[in-house]
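Let me give you the structure first, and then I'll get to my questions.
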Amino acid sequence: MDLSVNLAGLTLKNPVIAASGVFGYGEEYVKVGDIRWFGAVSVKGTTLNPRAGNPPPRTCETPAGMLNSIGLENPGAKVVIEEKLPWLAQFGVPVIVNISGESYEEFRTLGSMFSESPLVSALEVNVSCPNVRAGGMAFGVDPRSCYRATYAVRRAWHGPLIVKLTPNVQDISSVARAAVEGGADAISLINTLVGLAIDIKKRKPVLGSVTGGLSGPAIKPVALRCVYEVSQAVPVPVIGMGGILDYRDALEFIMAGATAVAVGTAVLVNPSVPRSIVEGLIKYGQEEGVERISDLVGVAWR
Amino acid sequence: MDLSVNLAGLTLKNPVIAASGVFGYGEEYVKVGDIRWFGAVSVKGTTLNPRAGNPPPRTCETPAGMLNSIGLENPGAKVVIEEKLPWLAQFGVPVIVNISGESYEEFRTLGSMFSESPLVSALEVNVSCPNVRAGGMAFGVDPRSCYRATYAVRRAWHGPLIVKLTPNVQDISSVARAAVEGGADAISLINTLVGLAIDIKKRKPVLGSVTGGLSGPAIKPVALRCVYEVSQAVPVPVIGMGGILDYRDALEFIMAGATAVAVGTAVLVNPSVPRSIVEGLIKYGQEEGVERISDLVGVAWR
Amino acid sequence: MSTPEIHDVLAEVMSVKRCRGGVYRAELVAPEIAAVAKPFQFVNIKVSPGNDPFLRRPFSLSRIEPDEGIIEITWAVVGKGTGIMATWEPGREVKILGPLGNGFSLEDKGLTGGFIAPLGGKAPELILVAGGTGLAPMYPLVMSARKSGFTVSLFYGGRSLESLMDTDRFEQSGCEVHISTEDGSAGFRGVVTGLFESRLRNLSASDIVVACGPRPMLQRLKSMCGQRNIRLYVSLEERMACGVGLCKGCAVKTSGNDPGYRHVCTDGPVFLADTVELGGE
Amino acid sequence: MSTPEIHDVLAEVMSVKRCRGGVYRAELVAPEIAAVAKPFQFVNIKVSPGNDPFLRRPFSLSRIEPDEGIIEITWAVVGKGTGIMATWEPGREVKILGPLGNGFSLEDKGLTGGFIAPLGGKAPELILVAGGTGLAPMYPLVMSARKSGFTVSLFYGGRSLESLMDTDRFEQSGCEVHISTEDGSAGFRGVVTGLFESRLRNLSASDIVVACGPRPMLQRLKSMCGQRNIRLYVSLEERMACGVGLCKGCAVKTSGNDPGYRHVCTDGPVFLADTVELGGE
């Protein structure tokens, strides 16, 4: 089966992307897995200035999932451009830079900073992080502000532009349409759901910053619903994610309308998950006589 | 430990309620469990006219949860009042009638119909069902329409009035406040999250009606977050639910701000779950020296 | 509808074995259930502790031994739950809820009365048609039908010889067994409805056909028996959560103009074929 | 920071036993990990297949046998994962990722050089302070410290005699063992920091204290050692997801004016006490 997919002008050798936030900038990943099994990698959410992140505890297991409140710990755009990307480039895997701004202005600045780097294959505008106070999810819960954030980056960045949406809204399709109007070439979804856990011994929230983002298999049905809806509502490709653990999960997303898929939490539990998904897809293609993975995109509603 | 709680003027002997939709009107439950372990029971979502429900398949397992698209299959308010409630009354457990209308007018009619019955302890206005086309969740995603639906019932019904909210919104607290303004004496949350599953063999959505409501442990973190938020935002008690399987889960909800809790999906897997939760709470109270369960309500934020 | 006694018991697994046809069979110690269970009733099993898998799984009783306090289930590995069950070892305890459903007993349906003393020379016949694991629930019915004086024959089909379960216990109970395989590796070459067709011609209005297997097989039988006015009962499967009537999840559409649904777990699993819609969406 | 070699292996459980102090101990066949692991490194274990529990669980290596290709872990049952581990049987295979963390070796820290040939008469001392399961990672360090010529003593405390793990292997390695119990059922009556206090007076700047146990114990030690300028290393635990630096979940606040965080899995688990904040929120 031909696994390659075309994503907003970018050709990926396979549709399995490392989701932002579980891959860092690749330095830790290389110790436990081979980056080249990924069709593309999305690096940790990057901000204009370095961020130290949120107070611990930052993670907590939940039924078939986890909460995280990392808080965009990252070294800032400058270090990423000067140190992280040149190192990561050696693997020859397309690099998507996930960016997060506190204002439209900051989004534009990030867009133009990364325009200077030839090592960026695509930008992923994160208007959906539930773990930071300023910016973050605020831009993604309202079509107007999503439009403006997207447009701010679009003015400065001329490569493939992906906008990553939050499911914490009542009508994700209208936010997706706004992103496309603002200039998005692709939509990625979903980011985490806002959740909370209580430590019954301490009688307090578990996480240092009270709420966190829920990810993992638990959210897969919500993610699939968003992909099914949004892929029918917008004319651009969708990158689906949320709880993908194996090739069967990946197929569910592709059939629901995703052109490519991303694996987040699964990488934390099983670093070699991209390889097992790619191999699973190849085997499936042989057994079912599917020639191109792209033939399956959206079959559930087409 | 004193397990009794006061819910909008209604005293429950313990805080464990049967969530609407997993208890029918009690006739099936008595074959597998003893109703008297519940502090109160919320009957199946009841509509003005009988409803046959949605086409099968109607359920589907998901990681640590399930999707359902029952579609409010119920015999209609008249039969409930004349046949179901008189039978259910024999157990001496307060009965909450969960009602669902397709219009404000219908909500008002339901309110006045149930006003005639002395067997109803409280009404639970369901503005959060994701599985019906008309009405259902539509009223619960917008503060204004939630206010109007609540107010429609309030005008006709003078007993305890609970409004049940959906988490499929971006700001659940503002919807909760609108319900209180409309006359709600208590808020119950959460109803299911909208989700979907794909049958990769058939390359189609699993459920006959495409999307369904996600319930079970998977959604517990989302439910806890909603309870934590809403219990601080409104002056009325909150009934918490979403993924409760045992007394520890119940304690998480109570500490997060719930005055009472409801068990839904857990009843389907383990019909005697109310008993095990009640016994677990009693043991916990002894070991930790807690005198009244109500002393724990909201300790995580108080 | 009778009110069955339903028990939620922690049953010990007494034996598990892999059998012909690639299916597994386990004996469970559950005296409360064995004492009251009827043919075509089922149990809902919590396959393993914890949340993965989360829901219980429904399985028909493939043997009921009230005296020994034992029930048997027979399953094919098709996914996570059945896969875990295949790793069960004797001594393990599992939560099982049952017996569930109305089951199917000739007495309940008022079918035995006239037949025990046949009017003509011919004894009333019970014809069983099974595809795949649909054979599992048939054996308890054979046992009770023989007691009631029925002549019983079984038509059972699969893809190939290897895919077929062992039918010895049926033969030993005096049941005539007819086999079909799609690849011709055993018995009649073709599908089981093809094999059954020849027999259909000789059936009369007092005979009964009970079928269990894939929907397309049941659909085909429904039209075959309908044309000849032969009474057909079908045992249906639907995705279940509770198995006891709480969730209304296991709906099956009623046929005719009635726009309603019936529920496999409380109204079934066996339905008179005419009363339900079997057509694929 | 060195780049450790990390392996994700399917390891066979060779033995599991319940030991004194109510803890469990398992030997796992993992030659790749045993060959390179250092004291205070840990492994991240997928306790059972499936999603419940979902994340791996981190455990220190309580013994490393490179020649036999075996690692040992020692744990207390505190929740779901550790409870399942207590039901492991020999022959079972589990996925383990390791060795993780920097570990703690006297050579790496450049601590052994000057001490092997002591200047004065007194050999340099390594003092280990452990509370509860904090004893687990200490043994591999004793082994390597003895090789480097250190005098090693252990201060180990718990609630009562029953809550204490066996310390035989420490004594057999020539380590002086001092015990405390809060109820006085063995050794010094009181907390381990109280017992350690008497020894603290005799320590000098060339000696090293390494501690592992509950945060309050570590906090107390930090202030005790800080006052006397004794070098203290603490081994920290934080909730972990990946254990390898991918998620940035295992943050611990750095002390002083630096507003940043370090990560237990990649920067630790052992930290110079002065560099991190141990204070409870």
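List of remarks:
Chains: A, B, C and D, in written order; residue numbering restarts at 1 for each.
By definition in this document, contacts are C-beta pairs under 8 Å (C-beta built on N, C-alpha and C of every residue); 3 or more make two chains touch, one makes a residue touch a chain.
Model, not experiment: these values are computed from the prediction.
Here A-C and A-D were compared by C-beta pairs in contact; the pair with more is A-D. Chain B and chain D have Cα centroids separated by 47 Å.
Once the centre of each chain is set as its mean CA position, chain A and chain D turn out to be 36 Å apart.
Work out the mean CA point of chain C and of chain D, and you get 58 Å between them.
Touching of two or more other chains is recorded for residues 62-65, 216-217 of chain B. In chain C, 51-52 are the positions where the chain touches two or more neighbouring chains simultaneously. Chain-to-chain contact here is organised exhaustively, every possible pair of chains being in touch.
Contact residues on chain B toward chain C in their complex (touch as defined above): 21-24, 27-29, 31-32, 44, 52-66, 68, 70, 73, 208, 216-217, 245, 265, 267-272.
By the touch criterion given at the top, residues 63-64 of chain A touch chain C in their complex. Listing the residues of chain B that touch chain A in their complex gives 62-65, 67, 141, 168-170, 193-198, 200, 203-205, 210-212, 214, 216-222, 224-225, 228, 243, 248, 251-252, 255-256, 296, 299-300.
Residues 51-52 of chain C are the ones touching chain A in the complex.
The touching residues of chain D, counted against chain A in their complex, run 3-6, 8, 46, 51-56, 95, 97, 238-242, 244-253, 259-261, 266, 281.
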